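Chains: A, B, C and D, in written order; residue numbering restarts at 1 for each.
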Amino acid sequence: MTEPAPILALDGITKTFPGVKALSDVSLSLFPGQVTALVGENGAGKSTVVKILTGIYQPTEGRILVDGAETRFPTAQAAADAGITAIHQETVLFDELSVAENIFLGHAPRGRFGLIDWPELMRKARALLDEIGAEIDPSHKLKDLGIANKHLVAIARALSIDARVVIMDEPTAALSHKEIQELYALVEQLKAQGKAILFISHKFDEIFRIADNFTVFRDGQFVGEGKIADVTNDTLVKMMVGRDVSHVFPDRTPVFGDTVLEVSGYDHPTEFADIAFSLKKGEILGFYGLVGAGRSELMQALFGITRPTRGEIRIDGQTTLIHSPADAVAAGIVYVPEDRGKQGAITALPIFQNVTLPSISRTSRRGFLRLAEEFKLAREYTERLDLRAASLDTNVENLSGGNQQKVVIAKWLATRPKVIILDEPTKGIDIGSKAAVHEFMAELAAEGLAVIMVSSEIPEVLGMSDRILVMREGRIVAEVSGDDRTPETLVRHAAGISEG
Amino acid sequence: MNSTSHFVPDRLQSPLARRLKSWETLLLGVAVAIFIANSFASPYFLNAWNLSDATFNFTEKAMIAFAMALLIISGEIDLSVASIIALASTAMGAAVQLGVGTPGLVAIGLGVGLAAGAFNGFLVTRLGLPSIVVTIGTMSLFRGIAFIVLGDQAYRGYPESFAYFGQGYVWWVLSFELVLFAVLAVIYGIVLHKTNFGRAIYAIGNNPTGAVFSGIRVQRVKFTLFLLTGLMSGIAAICLTSRLGSTRPSIAVGWELEVVTMVVLGGVSILGGSGSIPGVVIAAFVMGLVTFGLGLLNVPGIVMSIFIGAMLIAVIALPRLWTMWRRH
Amino acid sequence: DEMRVALVVKALGIGFFEAAAKGAEEAAAELGNTEIIYTGPTDTTAEGQIEVINALIAQGVNAIAVSANDADALVPALKKAMDRGITVISWDSGVAPDGRMMHLNPSSTELIGNTIIKLAADHMPDGGDVAILSATATATNQNAWIEAAKAVLPNYPGINLVATVYGDDLSDKSYREAEGLMATYPDLKAIIAPTTVGILAACQAVTDAGKIGQVNVTGLGLPSEMAGCVESGATESFAIWNPIDLGYAATYIAHELASGNAKAEPGASISMGRIGSVTLDDTNTGAMSDPFTYDASNIEQFKSIF
Amino acid sequence: MMKRLATSREAILFGAILVLLALIATRFPAFVAPSNLAGVFNDTSPLILLALGQMVVILTKCIDLSVAANLALTGMVVAMINVAAPGVPVPVIVTVAVLLGTLMGAFNGLLVWLLSIPPIVVTLGTMTIYRGIIFLLSEGKWVNAHEMSPAFKAFPRTQFLGLPVLSWVAIVAVIAFYVLMTRTTLGRAIYAVGGNPHAAVYTGINVGRTQFWAYTISGALAGLTGYLWVSRYAVAYVDIAGGFELTVVAACVIGGISIVGGVGTVIGALLGALFLGVINNALPVIDISPFWQMAISGAAIIVAIAFNAQASKTKGRVILKSAEHAA
């Protein structure tokens, strides 16, 4: 065997959160000069591994080995000191600090008396940004940057630490084609320098292009590992999902009714422009796009969270003004947001209160609460979604991600809406719940509800939608239906590549 | 979906059982302990009239504390309450000089309270400014106006009938203030715990973004809460002015922090989202009993405040220390 | 049985009142079978005094002798005390007639008003600007003295009262106010502070500004506290009545009234023990004695007494 | 660079102070005489010192309501030491004051860090406790000028290069804090913790410990100011600097330090304190009744925060390419 010894290895790592076992007995090895791809569905535990490797979480059980020696990373600093650096999935940076400082916070160059040497800091930051091909002024405040540039700053920060192990958690999700190419070149360069790279991505073409090894997780468990050269796309997907992908989505024969929602000439000063589309009863309309394409912003505007500069919304043919979510709910539009913890549920309140919150006027009398009515309504809708919980009086924060999502959906169904918008409805929820949500979406459409589904997962978009709109940089760039419905078309439109 | 649905009970714990384990029960225990300690410490304590007098130590502050509790649960705070008292009292005093009668004075007191609350509410909800600094500003502004109007003067000459609010008795030892306190406690308890409005307050305090996304008109609710806090300050101004029989611009100095202390001691989370009116009621009694009990022993007020300050920290720290200690 | 007399002061810890408390104990010892409860709020607020008074009512003390932070705000509480059979008098800083049976002025208001102007004028042969630094704007006694002082101003030609400012009996505020006076009125010849806190702070401010000899600080102060100022020359002379005597007299009167030996009514003469007796005017107010003037010649003798 | 300077919050506040001075000068020219301005600065020095400490605390998303009580307790303790042992040299007194203040600040910090008690509750509690302890120590008695030793009183007023030592302490503190906040790891960590505590964890910064240090720094300054205050005004009693904590917070807020943390500068805190100092000193001089003072400073606070909020309205992110270029 010519296999070198791993620089970094995880052995039998388990990580539990209150109510969730995010990782259970997983292993992982990273080798010098090699790229290891970590693949798994949303919520498989990939980012949790990254956080354990970078000292942000402490494993509940198991060992971390650096050069074969057991180590602990009590803080992020400890991991950095051990030569491990990461580009995290979410950008964890400081809006109020300059770009240069974001890159070097914690290890800024020091001058006399150990004081921070600002000119040197700027110089080094500029050099780093140049190296990754980012045209960003290091003296700007981070808050003045767009999401893609922020991500480039995060990459620069990871590279500013002279590390032996570089972890990249979905680094290309927010980047444009050109920037992605530069990132690939960078990965090659790091490899050549003998660094070990952990690369997390949902894009298979990417994985097959740059990875040497792979490790697969499913539902927090280790499924397998090997050489990329030894597997095909299909086998990898099967390992990841645990069954054949084609059977996941419900079969449906859609029956469309009248048009319920028409949006035209919808503009926002900074987020989106020229939005026009319509939606029929019983239809599932998919919105695809890369992260940051502005889909969530558009949906939130329809729901009255943000105000567009102009445009018209018609519901059942009637022009409707929506200035607040309360207006939207009254008009029959509801929104299941992407960020469940912050926007979807009031997690510190019990399930039944969450479910009845927007329809409280129905369960109460003259403004006074009627608990019995509330429990009745909550029971009716949570049972339909097959919610698993200790009781309806349990706080939502104690539920698993999938069950939390069910509570949020139940709360909106209880308002008896006409249009339901689901933003990344299955993001980060386990496979069982995912299928349940899909099945339920189909059921709702069959009952005549109009459904808008925003999703970044190509199989989901293809499997569920009757029609797909693709957004890029705040505009609808294509409508895809019929035979065009291939992953390639979606990606091409979303990324703005003129031909496949 | 599938029909083999799992049964999910409404509740695991009866509401009574939950209540027994609550903060309020703990606090009630403290109150009873203080009561017993006081009766042993001073022969003058167990006397209906004395106990009735003792309630004046906290009734006015507690009235504000009810509204403040709602405001803090919703994630905001109002530090200008004591200054609203000064402003409202000054306005009433000025009206007395113009010959306004008792009903007019009450209307003016309430009106000024509402207007001040609306001003705070406007700055916080419309201009989106953080309430803690807004109300530090209006705290100076409102009392400053009272100083401009009154300077080194005092207003007196309140009508005889006006004295009832702060000095009158409804029946035997039950003062008007005590009865008003009880009535307001019940009203606020119902509003917070039994109405849609109360539910919205909890939702907002726990997660303002989530509340907006749930179709709650968050700014409107918060504005209403500032109005209510202003109104309660107006009521407190009426009672206090009536009790003192005169108005000086320095009236009720420092009350804002006592009110906040009462609310926090009552188990309301300063970060918003949790707390109850019964808790605040008990906290009011606890603070009143401590002050009165130590007062009977002629302990200076500042020493009493050590007890209150220490209690404030201890009631939050001890449970945390206990869990930390048990984990090791 | 034992008689309990409560001496309620504006705030605990002020030298003047500590001295008065000494006098009260002296009276209690002399009268026998009398307990003194020396109490008060820790800051000079009316609300604080009301809480203290409520606690005293609850203890059923026999008499309350109070130096008020606010003449009006205490009235309801003190009325309640009288309703419950407690003897209530005010001393030093008075309560409105409704709220007490009698008031003991340390000295007559007119006399004090005249004295404080005279103290300044004596050292200003050519006349000039003077300013008053008072305590809180709500202090009754201060306001009365200032009124009286203004009334006698015409008798002192050339003396020009340019401002009245309030230091709230807080050292730092008084200090800043004194500084402000010197900045605003560069020709200021004297600062008159009829308060023991204010006169000390003003003396400090004048010393710090290097204006000893230029600005004379005078008013009412305690010899023990003022010794340094007289020594440095910042203060030529100042006046005060004896606070020990005042506490003694207040206690004695309260005892006399509570035990029924005397009745508070216009024209009545009430004994003050070793000090003599006080005669009440038609508002049931009486004066204890004349203020006494201290300067370099006698300060040494008194500074260790009070 | 010039343009950014002209639109910065600090520059505008500085402009506001100049305008204020000009207005005062029209009614009372002597106010802007250098010697008087030096006096105003000297008077404002304690506020500047406390505002610097409060700034550090607020930057980390906390608040310190106990500064004034800390100041008063430290002041009383050193005054009592001076009375009991007049021979103790001033450097020792200063050291004791700083240590004592540090200790009280650290106590706040520990409660916030280790027990995660909300900062406002902790300091509301310790505020009353520290004040109460003064009463217990002093039995409510004042320590007056004549009881203090001349050396004890002389320190803050000793002239050095034309300015009293009190002013110099403030100047040195401003410079030291400028260096601390811009050039040291701790200073930057303080900004990071307040700006985005979540991201701070990812950067290896211990949020609680940074907050602890912020409180400790604030406490040390409060202790130092405690001695300076007591010796300058030559008196110590329970209530000195009562309510001053809110003035300190107000100075910070006026100086553009965001109450939600992460935003604000040393220069801002300095200017915020000077703004209040100029108003407080000018009102009596220009013959505006002192009774207007409170309302004016209240109005100033409200205007300042409304203004700051307007200036820092987040532009939000920009998805549209066209809008990005326009921005």
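In this section, a contact is a pair of C-beta atoms (placed from the backbone, for glycine too) under 8 Å apart; a residue touches a chain by one contact, two chains touch by 3 or more.
Predicted model, so just to flag it, every value in this text is computed and none were measured.
**Student:** Please identify the chain with the largest separation between its CA centroid and the CA centroid of chain C.
**Tutor:** A
**Student:** When the centre of a chain is set as the mean of its C-alpha atoms, what distance in Å lies between chain A and chain B?
**Tutor:** The answer is 44 Å.
**Student:** Using mean C-alpha positions as chain centres, tell me how far chain C is from chain D in Å, no decimals.
**Tutor:** Computed value for the inter-centroid distance: 36 Å.
**Student:** Calculate how many whole Å lie between the centre of chain B and the centre of chain D, each centre taken as the average of the chain's C-alpha atoms.
**Tutor:** The separation of the two C-alpha centroids amounts to 30 Å.
**Student:** Could you grab the centroid distance between chain A and chain C? Build each centroid from C-alpha atoms only and quote it in angstrom.
**Tutor:** Roughly 74 Å, centre to centre.
**Student:** Spell out, as numbers or ranges, the residues of chain A touching 2 or more other chains.
**Tutor:** none
**Student:** Mind pulling the chain B residues that touch 2 or more other chains?
**Tutor:** Residues 151-152, 300, 302 of chain B each touch two or more of the other chains.
**Student:** Of all the residues in chain C, which ones touch at least 2 other chains?
**Tutor:** If we look for residues of chain C contacting two or more partner chains, we find 12, 42, 166.
**Student:** By the document's touch rule, what are all the touching chain pairs in this structure?
**Tutor:** Chain pairs that touch: A-B, A-D, B-C, B-D, C-D.
**Student:** What residues of chain A sit close enough to touch chain B in their complex?
**Tutor:** Residue list for chain A touching chain B: 303, 305, 324-326, 328-329, 335, 337, 342-349, 352-353, 357-358, 360-361, 364, 367-369, 375, 379, 382-394, 411, 436, 439-440, 443.
**Student:** Quick one: which bits of chain A touch chain D in the complex? Just the residue numbers, please.
**Tutor:** 54-56, 75-80, 88, 92-97, 101, 105-106, 108, 114-116, 118, 143-144, 146-147, 268-273, 292-294, 297, 473-475
**Student:** Residues of chain D touching chain A in their complex?
**Tutor:** Listed in rising order, the residues of chain D that touch chain A are 179, 182-185, 188-189, 191-192, 195-196, 198-199, 201-206, 262-263, 314-324, 327.
**Student:** List the residues on chain B that touch chain C in their complex, please.
**Tutor:** Of all residues in chain B, those touching chain C are 42, 44-45, 47, 49-50, 53-54, 56-57, 151-152, 154, 156, 163, 166-167, 243-246, 248, 250-253, 291-292, 295-296, 298, 300-302.
**Student:** Considering the complex alone, what residue numbers of chain D touch chain B?
**Tutor:** Touching chain B: residues 63, 111, 115-118, 120-122, 124-129, 131-133, 135-136, 140, 238, 243, 246, 249-250, 253, 259-260, 289, 291-299, 301-302, 305-306, 309 of chain D.
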